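Right, I'll just put the structure down here and ask away after.
Each chain carries a letter (A, B, C, D, E, F, G, H, I and J) given by its place in the written order, and its residues are counted from 1.
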Amino acid sequence: MPHAETAKSAEKALSQALQRDGQGRHLWRVLGQYANYSVFDVAGNDELHEILQGLPLYPYLAIQVTPLAQHPSSLAASEN
Amino acid sequence: MPHAETAKSAEKALSQALQRDGQGRHLWRVLGQYANYSVFDVAGNDELHEILQGLPLYPYLAIQVTPLAQHPSSLAASEN
Amino acid sequence: MPHAETAKSAEKALSQALQRDGQGRHLWRVLGQYANYSVFDVAGNDELHEILQGLPLYPYLAIQVTPLAQHPSSLAASEN
Amino acid sequence: MPHAETAKSAEKALSQALQRDGQGRHLWRVLGQYANYSVFDVAGNDELHEILQGLPLYPYLAIQVTPLAQHPSSLAASEN
Amino acid sequence: MPHAETAKSAEKALSQALQRDGQGRHLWRVLGQYANYSVFDVAGNDELHEILQGLPLYPYLAIQVTPLAQHPSSLAASEN
Amino acid sequence: MPHAETAKSAEKALSQALQRDGQGRHLWRVLGQYANYSVFDVAGNDELHEILQGLPLYPYLAIQVTPLAQHPSSLAASEN
Amino acid sequence: MPHAETAKSAEKALSQALQRDGQGRHLWRVLGQYANYSVFDVAGNDELHEILQGLPLYPYLAIQVTPLAQHPSSLAASEN
Amino acid sequence: MPHAETAKSAEKALSQALQRDGQGRHLWRVLGQYANYSVFDVAGNDELHEILQGLPLYPYLAIQVTPLAQHPSSLAASEN
Amino acid sequence: MPHAETAKSAEKALSQALQRDGQGRHLWRVLGQYANYSVFDVAGNDELHEILQGLPLYPYLAIQVTPLAQHPSSLAASEN
Amino acid sequence: MPHAETAKSAEKALSQALQRDGQGRHLWRVLGQYANYSVFDVAGNDELHEILQGLPLYPYLAIQVTPLAQHPSSLAASEN
């Protein structure tokens, strides 16, 4: 299997593992682009940096991290 | 209650109603800003436009809609 | 026929098929550029993403999707 | 009726007249924004400039005109 | 003559032909850059698109077309 | 006459004087905008700065000056 | 004391308290601007969002949060 | 060792030397990117330019230098 | 004298004092704009920040400081 | 000597000749970048364009020319 395909399936396997253990909370494709929105729930910045650096496709990715906080109107906030 | 506070609490009430009925799927605050990421699951563009136009704070909001598609690596895609 | 020409004529054939079946509603060239404005009418985001991904030139395209809604002043809106 | 509402309904009336006489070919709302995509078919730049300047909301609009040409893959081009 | 020089002299010949027949009205170099401002006077967008596409250097050019209209303060407007 | 109208007609008078004496070589309106492209032929930067500062509408203008040089393919260059 | 001065001295007092308890690790002024670079060390995003929202000048600030991770070449990393 | 690895370890060694002698005051990784924030404390611009030019990875770096000044609310300022 | 004129003449006086004592090395107007390029030669960032903050027009200025270093091809560098 | 080194030393020689004859008035390095600010004093745009085009490194340079005018507060202006 060409290098690109190997890397892509390794990326998919790791992504699904992260989703199963709850660190990878959401993953969407940007319509019409080879680009994603991913939402992570991790213990801190260093942990997320390690996850991202460990992605097989990391060397080919342009990543922009936008830190999120709980929104006061979210139902989750009301339940806390 | 001043106009701004009335509009904000009406916004919160509508937002939570949208979350309860499943159209408003996710809502996060951008850290350090009076800005949000909201993820909607709706029947089509006209429905979403109507929802957004109906927000009490709509006249004061700068909204950028990025259409999303299902990601082939998402667990949801694997289950489909 | 060189690869580029094959891909371009396959792109043209697919584009015209999309236009005939009503998904591809409009297609214009941006004056002076190898760039287009295309307007699609589809059932939802996943369907459009699949169409775009299926374009022979997709790997070479920089696509920006702007979701549109019906305009209250459009004659179509008045007829609804 | 307040000034804004008068201007808006005059804008709607003019817009629909332009659509009926074929100069205003398409009009869509950008989802989530008080912004439009309009497609005009006119005799030349001066005619379009006059139409736009004559819009009641012109003083409040930020207009960006992108000139379009016929696309070689459009069905209309094949029919010519 | 290397390909680049052939294309450049063909570009110059075509550009001067366009200037002589009045379609190419003005041509200036942007100071310090391999970039131009060109002003064309043509019958319509399709005609200009064809001219630009026919330029020998077209595949290597980044073209931005800004449509112009007659200015009410221009002497030409006063003479009309 | 309101201040704005006075300033605009003074601007038009000065603009036409500049065109008659050859300093103001070209003046076009950007289609759909209250914006211009003006081409000046002056002795040097200080002279152009003085002309622009002297425009009645100067305090309300956002001016971007792009210095131009003669283009080697322009007919004028061939005649020199 | 005018409102602005009261808010500024309250901002200074809070800022220095944050520095003393170690959450506010660094604070520099951008040369020539009324703008800062601040580095915080906090337990998580929600805690930082609360700190920033609590700043007296928060309503007047344009904040851009860039999440940082430990650098492998930093002496601190070598000591860990 | 491949050239890139040699350059990276030379970069790390120099970076740590700069940190030990106090010129390199802080060094953080931008989360998710192969990019840094570095804070230097040097005698002047020429000294910093020499340090940066001397970095083994300098030819491959896109550096943006933002000059900083002491902030009036920083504890260091209060101690001065 | 209106406040703006007082501030402007105070700005001019201070600017000329800075030029006479050698801190303000160069001062040019950007052609067509109420904007400047100023070159300062100072002992360090804090000194420059103090100078800029002390300008009567400082509250109304959008300042962008680009730190410069000696150029290896400058005659001054050859003389050092 | 490799091509790049030959071009760079030819560039330095020409730059210093321009400085000696007064056309090249100032030359600074942007701190941390392989980029310059150069100030020229020339008879007109065509002369400057010729100088820039004649630079050995011209094909590799991204040049942005900002035209300057005498500043009313500059000591030079007061002496005129």
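The rule is short, and it goes like this: a contact is a pair of C-beta atoms (placed from the backbone, for glycine too) under 8 Å apart; a residue touches a chain by one contact, two chains touch by 3 or more.
Heads up on the chains, UniProt names are A, B, C, D, E, F, G, H, I, J = muconolactone Delta-isomerase.
The model shown is predicted, which means the values in this text are computed figures rather than measured ones.
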Pair in H-I, A-B or D-F that repeats B-D, with over half of contact pairs matching by residue number: D-F
D-F or A-G, whichever has more C-beta pairs in contact: A-G
Intercentroid distance (Cα basis), chain G (muconolactone Delta-isomerase) paired with chain F (muconolactone Delta-isomerase), Å: 48
Chain G (muconolactone Delta-isomerase) and chain I (muconolactone Delta-isomerase), separation of their C-alpha mean positions in angstrom: 29
Chain E (muconolactone Delta-isomerase)-chain I (muconolactone Delta-isomerase) separation of Cα centroids, rounded to whole Å: 41
Sites on chain B (muconolactone Delta-isomerase) at which at least two other chains make contact: 29, 31, 45, 48-49, 65, 67-70
Contact set on chain H (muconolactone Delta-isomerase) toward chain J (muconolactone Delta-isomerase) in their complex: 45, 48-49, 52, 63-65
Residues of chain B (muconolactone Delta-isomerase) defined as touching chain G (muconolactone Delta-isomerase) within the complex: 29, 31-33
Interface residues, chain J (muconolactone Delta-isomerase) side, partner chain F (muconolactone Delta-isomerase) - complex: 44-46, 48-49, 65, 67-70
Touching residues (chain side chain F (muconolactone Delta-isomerase), partner chain E (muconolactone Delta-isomerase)) in the complex: 11-12, 15-16, 19-20, 26-32, 36-37, 39, 66-75, 78
